[in-house]
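Mind looking over this structure? Questions follow.
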Amino acid sequence: MATTPLIEYEDASPEVRAVYDDIRATRKTDFINNFWKALAANPAQLERTWQGAKAVMAPGAIDALTKEFIYIAVSVANKCEYCIHSHTAAARAKGMSEDQFAELLAVIGMAHSTNGLVTAMQVPVDEVFKV
Amino acid sequence: MATTPLIEYEDASPEVRAVYDDIRATRKTDFINNFWKALAANPAQLERTWQGAKAVMAPGAIDALTKEFIYIAVSVANKCEYCIHSHTAAARAKGMSEDQFAELLAVIGMAHSTNGLVTAMQVPVDEVFKV
Amino acid sequence: MATTPLIEYEDASPEVRAVYDDIRATRKTDFINNFWKALAANPAQLERTWQGAKAVMAPGAIDALTKEFIYIAVSVANKCEYCIHSHTAAARAKGMSEDQFAELLAVIGMAHSTNGLVTAMQVPVDEVFKV
Amino acid sequence: MATTPLIEYEDASPEVRAVYDDIRATRKTDFINNFWKALAANPAQLERTWQGAKAVMAPGAIDALTKEFIYIAVSVANKCEYCIHSHTAAARAKGMSEDQFAELLAVIGMAHSTNGLVTAMQVPVDEVFKV
Amino acid sequence: MATTPLIEYEDASPEVRAVYDDIRATRKTDFINNFWKALAANPAQLERTWQGAKAVMAPGAIDALTKEFIYIAVSVANKCEYCIHSHTAAARAKGMSEDQFAELLAVIGMAHSTNGLVTAMQVPVDEVFKV
Amino acid sequence: MATTPLIEYEDASPEVRAVYDDIRATRKTDFINNFWKALAANPAQLERTWQGAKAVMAPGAIDALTKEFIYIAVSVANKCEYCIHSHTAAARAKGMSEDQFAELLAVIGMAHSTNGLVTAMQVPVDEVFKV
């Protein structure tokens, strides 16, 4: 199904293995998901993407679970099936309750609706929002 | 610029005024932003959309500021300029710090990037994510 | 603002003028909107696009106004501001009432909402829909 | 495959069953499609979405089949596979002919093409379209 | 799975067969991929689309492989799974190396990321870019 | 208009100035476009994005102009007005001819059209494309 091969740890070059090892250490699990195995066909891209994700998704001014909510929201609007599955799983692993998931869905649905309505009506931006 | 007229309070029917009054009371401000003034051309749609938004955006299992983060994330991915402006303003009004905004942007940028990469590579969903 | 020049009738080559003349004759107006003036930088593309549009938008099993509704719906979902403006104007010129526009908006808003919800929930397609 | 469970009638709470019963009565069929079964994990969202859909999709100034055309158009542009399948089935059930489907596809294809061209050329909106 | 039937050569009308024959002659292969078999339900649409594709994808000021890169880039951003598969296969058939594919992916990922960031920050277009 | 401030060189911190200096040296121009000035509100994000862009957009297995074509194609499909303007300007600066731009537009228009048609028809991926 993939348009790029999935590279397993056993078949990986030392630089790819180093990234896999860091993913495992950072996430405290042996599991490497398919996204990284596909990226591994280009070790520089794998390294850059992983370093970016590790920095961006770490808790900071926004906590780690909220970051997953944001990631899911973007992935739904961009219709990325893989990303929706993997980040919904990540959100559940980080403690997302079913009530939170229900509210996340409700906000996503509402935002899509008003995005469509606003665009169809070509509503001009209020001056106060431009400050 | 708009493809639908903006209806001011003074020119509004009683049913539209009732919604405007509820928006003002709920938000504790006299300001009615252009989205509602455009929707008012269809009072039933105005009423339905406002009741939905009021219910969905109220704090619950997810707090009100996090809901704005989610709303912004969807609106960016859907390229809704008005919605980005209005919900960024709403997030700031609800206390979003500049550090939080910077991290929100970083997650949005990262999600867009991996959404594109995953789609281009047609990465198959890992079995463990389907449970 | 444009990334491609707008070519006026006076400055156009004979092959571009022939398309402009056909647009004017088909639409029974002297007005040529900016889309065609931009396309005219590539006469073959102008000709191909106009012949396609003329064939596709002519009334057939679906009437001309309904085709504008469909065009607006796609253009909103694709966030094409120019297309929304031009096809909303075309729909009004073809007799769209304000009640029809209000219902068109309502369907567009509803579709965006359920598109988002379905995608977020990754709802499997019912077997009966696959026949 | 779903990221949220599908709730069958037998396992549903009384408030969910009430919505299912209204769907069955309104549509004159016992069949409940998966979208509603997924939404049922959040009864308030199910109720709100169903009430909105029932009101919006009822024939009015725009007939029921034309509303399905609009719904399909949005769903295609938003790449919602489930929605395309379910609303194409609904359109056929409401009498869509193969000639109409062929013309619907042709308009959708044309709109996507000009949406892309207009955006790439950043065509400025004609003044007459802004009135 | 399809919402429109796939029409095989044996079952095709003479006008559809004429297009199939031209596809085979142009591409120097007997293989007709499913896209054309689905389009064949509307012979006029099939003819128009094939003539457009043949003209547009032929090498000219831009070579045939680069045109496939552009096609893949659009198809990824538009989340068209079929198009990604078919044009990635076409690019490989036209000589795309694995290094080129890796760089294509990297540019696609980077563009998605900055598209999202720019939109979230609502960056104003620099005056020098508008000339 | 922006939702984030634009930071000029004079007002920038040493770490931001270091990135600006590298942009100027790499591009052999004093000009810093607004995207970087907006990103500068988050120096870590500025640094990461610039380093990624510098690595990804450098000529390699794909030349620098072709990379701009790919960037424009993604930006059009993602409806990023700023990105379309800036990368069209970059492509022209790197030698894009008007004939090349015309063909780029034609491929973008064709890809959007077939993306829409394929999605509407839910064409199944040919087995040979999955290898």
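Going by the order they are written in, the chains are A, B, C, D, E and F; count residues from 1 in each one.
Here is the rule we go by: a contact is a pair of C-beta atoms (placed from the backbone, for glycine too) under 8 Å apart; a residue touches a chain by one contact, two chains touch by 3 or more.
All figures in this text were calculated on a predicted structure; none of them were measured in a lab.
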| item | value |
| --- | --- |
| Farthest chain (mean CA position) relative to subunit A | C |
| Chain pair showing more contacts of the two, B-D and B-C | B-C |
| Turn needed to bring subunit A onto subunit D - CA fit, degrees, nearest 5 | 120 |
| Centre-to-centre distance between subunit E and subunit B (centres being mean Cα positions), rounded to whole Å | 34 |
| Centre distance in Å when subunit E and subunit F are each reduced to the mean of their C-alpha atoms | 20 |
| Averaged-CA centre spacing for the pair subunit E and subunit D, given as whole angstrom | 27 |
| Subunit B residues counted as touching two or more neighbouring chains | 1, 3-4, 45, 49, 52, 55, 74, 76-81, 84-85, 88, 102, 104-106, 108-117, 119-122, 130 |
| Residues of subunit C defined as touching subunit E within the complex | 1, 44, 48, 52, 55, 130 |
| Residues of subunit C touching subunit D in the complex | 1-4, 6, 31, 33-35, 38-39, 45, 49, 52-53, 56-57, 60-62, 66-67, 69-71, 73-78, 80-83, 85-86, 88-89, 97, 99-100, 102-104, 106-115, 117-126, 128-130 |
| In the complex with subunit D, residue positions of subunit E that touch it | 3-4, 41-42, 45, 49, 74, 78-80 |
| Residue numbers on subunit A that touch subunit C, as the complex places them | 72, 76-77, 79, 81, 84-85, 104-105, 108-117, 119-122 |
| Subunit E residues within the subunit A interface of the complex | 79, 84-85, 88, 98, 101-102, 105-106, 109, 116 |
